[in-house]
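See the structures that follow.
Look at the two complexes coming up: subunit A is in both, with subunit B in one and subunit C in the other.
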Partner chain A sequence: MEQMKRRKFLGISAAGMAAVAGSSVLMPAIANAANVAGWPAAAFDAKALDAAMKDSIDTTSVKVSTKVHLTAPTIAENGAAVPVTVDVDHPMTADDYIETVYLYVDHNPTPLASAFHFTANSGQAYFQERIKMAKTDMVRAVAKTNKGVLMASKPQEVKVTIGGCGG
Partner chain B sequence: MNLTRRDFMAMMGIAGATGFLSPSAIASSWGSGKDPYEIDDYGNVTLLHLTDSHAQLLPVWWREPGTNIGTRKQKEWGVTPHLVGDHKLEYYGIKAGTPEGYALSCMDFDTLAHKYGKIGGYAHIATLVKRYREQVGKKAILLDGGDAWQGSATSLWTKAEDMVGAQNLLKEDYFVGHWEFTYGADRVEYLLKHKLKAKFLSQNVFTIPWDELVFDPYDIREINGRKVAIIGQSFPFTPIANPAYFVPKWAFGIHPGHMQKMVDECREKHHADIVVVLSHNGADVDKKMASQVKGIDIILGGHTHEIMGPRPVKINNTLVINTSTNGKFLARFDLDVGKGKLKGWRFHYLPIISNMIPEDKEMVDYITKVRAPYAKKLAEPLAVTESLLYRRDNFNGTFDQILCDALREEMDCEAAFSPGFRWGYCKLPGETITMEDVMGQTAITYPQVTVTEYTGAELKNVMEQVADNLFNPNPYYIQGGDMIRVGNIQYTMDPGETIDKRITDLRIGGKMVQANKRYKVAGWGAMQRVEGTPVWDIFAKWLRSKKTVSAKTRDLPVLTKNMAGNPGIAYPKDYDL
Partner chain C sequence: MAAIGNPMVRMASHAKKGQVVEVRSLIMNPMTTGLSKNKAGKLIPAHFIQTVTVTFNKKPLCSVDWSTAISANPYLAFKMRADESGTLEMTWKDNTNGVWSSKASITVA
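Moving on to the complex of A and B:
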């Protein structure tokens, strides 16, 4: 038991709310911190995908790039904690790096699920988090470089089902 | 049919003219009076695969489904394994009425059953396994694809220990899981650590939330100077298809990306010469995984209880099989493994027809001993069946029909649901249904019967959700069960539609279902913890009171006309086609 606890603790400190690899400066956007300076309240409060995208990245259409890898289960084992991983294949140098990665769930009550900020020192634009999904829906990630270039992942459907009846 | 033919020709190419048993060669060896289990030795590695025995220590009757639909949207129309009856025989070039024809098709099942006898049985399997081990020596590996621990009374009552004993006697080498997990994580870990001698492998089971592997993902075995990598894949939908509370700290999933990583690791780090995946994905998921992951030579598949044998399916450079259920088949791959690649192979898909294989004495003694404490309880006669009882089919099997009848009458409900499980063996007309047979349809660790008041909308949603597990065009949504079984519910079904649109004209007792009206529905196998009487007690009570039973009609849907001519339907008239 002692060991388990220790591992759990280490896991928490290493991973934060979302297991993030190699990021020295990281500001996970926490949804209830509405009064924090610079908090993009409008983006997180938007009730529809278009509005959430408009408020966060100022556009509703972003070209899909094979560089943005979104991994999510095809079927959620637990809709209350769906594991999602985003990994952006892009340089992380002082003059060209991924600054922010946005994650949207099309029909969640507030479609912008998270926004993770990176710097060149992060080394890699990568994170894993667990999101809540009310029903079968599309999940999509949009990465923004420091120069403002936007690229989207291929959207992925995650099914939230009643279960049962397996062979 | 063009594709099928090309597929076949491609296979001839890879196996080489001598390396491939042509369908006619198979048929002739079964009819010639020669020992059909005699196999010429070939190559330097032999894989023996069995899967999904569902804890049937003794031989049983097993009828192939009469309905196993693949749709055009799924690109599975007329594609193996979505072939039944004569379509299946034609595809594999096997004659009806032969022992192999009996094993592969549902046609004339009663008649052929009387002629050829029961299938499977661990004592018969053991004889064949021992024989091949003696023949090929240490180059043989025996792989069990899971679902060995559930499906019988004795497995439930011994919490799978009876099956572990049988697996150890067979000297199984590798194992993966699905229903095994319904005994709970602690029991699984205990049996794997302290009892089972086979090595349990899974590249797709992780701890929550830290994503650490729970089991070894693969093993490398050196045989005749070649390195054979075996990667395990447990059932990806375990906490969705079965109650998640049994494994609250484990996450599953298909994880093709991680599978690729494991394959690369086996090849690059361990210099594996071939990579074999022991899979409980189900046939449709295996086929898609084979198309996505590079470097797998062979997928030994299970879960969906398909006949995907006599010849393997080839997807890119991967050979995919599925080895049926209930001990009906033993698959044997003889491989010529070269440095870093598979040079040649021969494949044998061997029906375990119990009358044709003597029992292994050691296994018989073990089975007798392990069953002895329960023998009396198992043998209790409950009722005689006048008609053939079976479960496996896309829609209501006859055994489920009488189970739904029992649930409705005993629970005083207007309708009933029963899960679309694919295990559960048959009873022939005139046979006595015993307590053992009831358990053979119901032995699960969450057997409570519930009465639920569904609104019409909820009822339809349940049915739509389950239908989407069968007919979703993306194979990664195919969980591997059949359609939910219904009692006194009538509907029209279009398998080619999308979720929420497949079911129309939904009725209970002939009356249109109203979205807001509530209906009392009996069921079992709930996903949440519930209180209730075990389903076997209710079924047994009903059978005792009836004395004789029969399932002449089934609550089948009407299928839409676009399903006409589907080679996954053996009896189209049953569906008004």
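Moving on to the complex of A and C:
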């Protein structure tokens, strides 16, 4: 009898735990409720590179151009902070400029890392930031001009010794 | 929770007209992904900066959309063509309604 009660209790508490787990799965959706206006949630939530590219630039194959320079270390000791520099060799005039540069990490949980929007006043399509990488992977940048022309950088492999997933 | 906020913007204080100057910025933010767990095995909720907008003399200069793949305490550097003297203002917004901004001025000769 005692045993039965214990079984029952375990069953109930297991159900309780499942409910807790379920709510934590819902956490990202709750977080999304506070998304900043204009933040492209679909592209950033995409779980695979093809989906992320489709949602952000509407294609999955972009011609590699030597004009898009992506600089990243070949070996990163710490995947939690990999410095990446993107520099696009393109005029920045009022009627012909780089509008957006997208940065992808192929196998990150969400491959699209960032989207940088320029104006002609930027003077140069250049940015530097630090990204997280889960494991040794390819990093690629895709530049889009104001006329919609897409140019990709040569994908660069970064060897990661300690992943940046935390925990 | 570590310190949060404390935005910083640095750029040259003087430039020649038409010169392209680099702007560097830093802000404290945990940038958690919502995928990792703490020591007690509970998921740490996502808390990260989603947008950074930059204006110069109130006119839009550039903006960035960030995902959780950006490192904690994000550093960002970019460039600006200095055409006139004025003030650059950067505004960071995170997914928990946090908003921070910081300014830097430049004199163009």
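To be clear about the criterion, the second predicted complex is superposed on the first by the 127 of 167 C-alpha atoms of A that agree within 3 Å, B and C clash if a C-alpha of one lies under 4 Å from a C-alpha of the other, contacts with A are read in each partner's own complex, and residues count from 1 in each chain.
Following the convention adopted for this analysis, a contact is a pair of C-beta atoms (placed from the backbone, for glycine too) under 8 Å apart; a residue touches a chain by one contact, two chains touch by 3 or more.
Remember, predicted model here, so these are calculated numbers, not experimental data.
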item	value
First (subunit B), second (subunit C), both or neither touched by A:Ser122	second
Partner chain in contact with A:Ile98 - subunit B first, subunit C second, else both or neither	neither
Superposition-derived comparison: subunit B or subunit C, residues of subunit A touched	C
Touched partner set for A:Pro109, first subunit B, second subunit C, both or neither	second
Contacts of A:Lys132 with subunit B and subunit C, given as first, second, both or neither	second
Subunit B versus subunit C as contact partner of A:Phe44, first or second or both or neither	second
Subunit B versus subunit C as contact partner of A:Glu77, first or second or both or neither	first
On subunit A, positions contacted by subunit B and by subunit C	81, 128, 130, 164-167
Subunit C-facing residues of subunit A, complex	24, 27-28, 31-32, 34-36, 38-40, 44, 80-82, 92, 105, 108-110, 112-119, 121-124, 126-133, 164-167
Complex contact set, residues of subunit C against subunit A	20, 22, 32-38, 42-47, 50-51, 56, 59-72, 74-81, 83, 93-97
Of all residues in subunit A, those that touch subunit B in their complex	7, 11, 15, 19, 71, 73-78, 81, 83, 128, 130, 136, 159, 161-167
Residues of subunit B touching subunit A in the complex	178, 209-211, 235, 237-242, 244, 251-254, 257, 282, 303-305, 419-423, 461-462, 465-466, 468-469, 474, 476-477, 479-482, 484, 499, 525-527
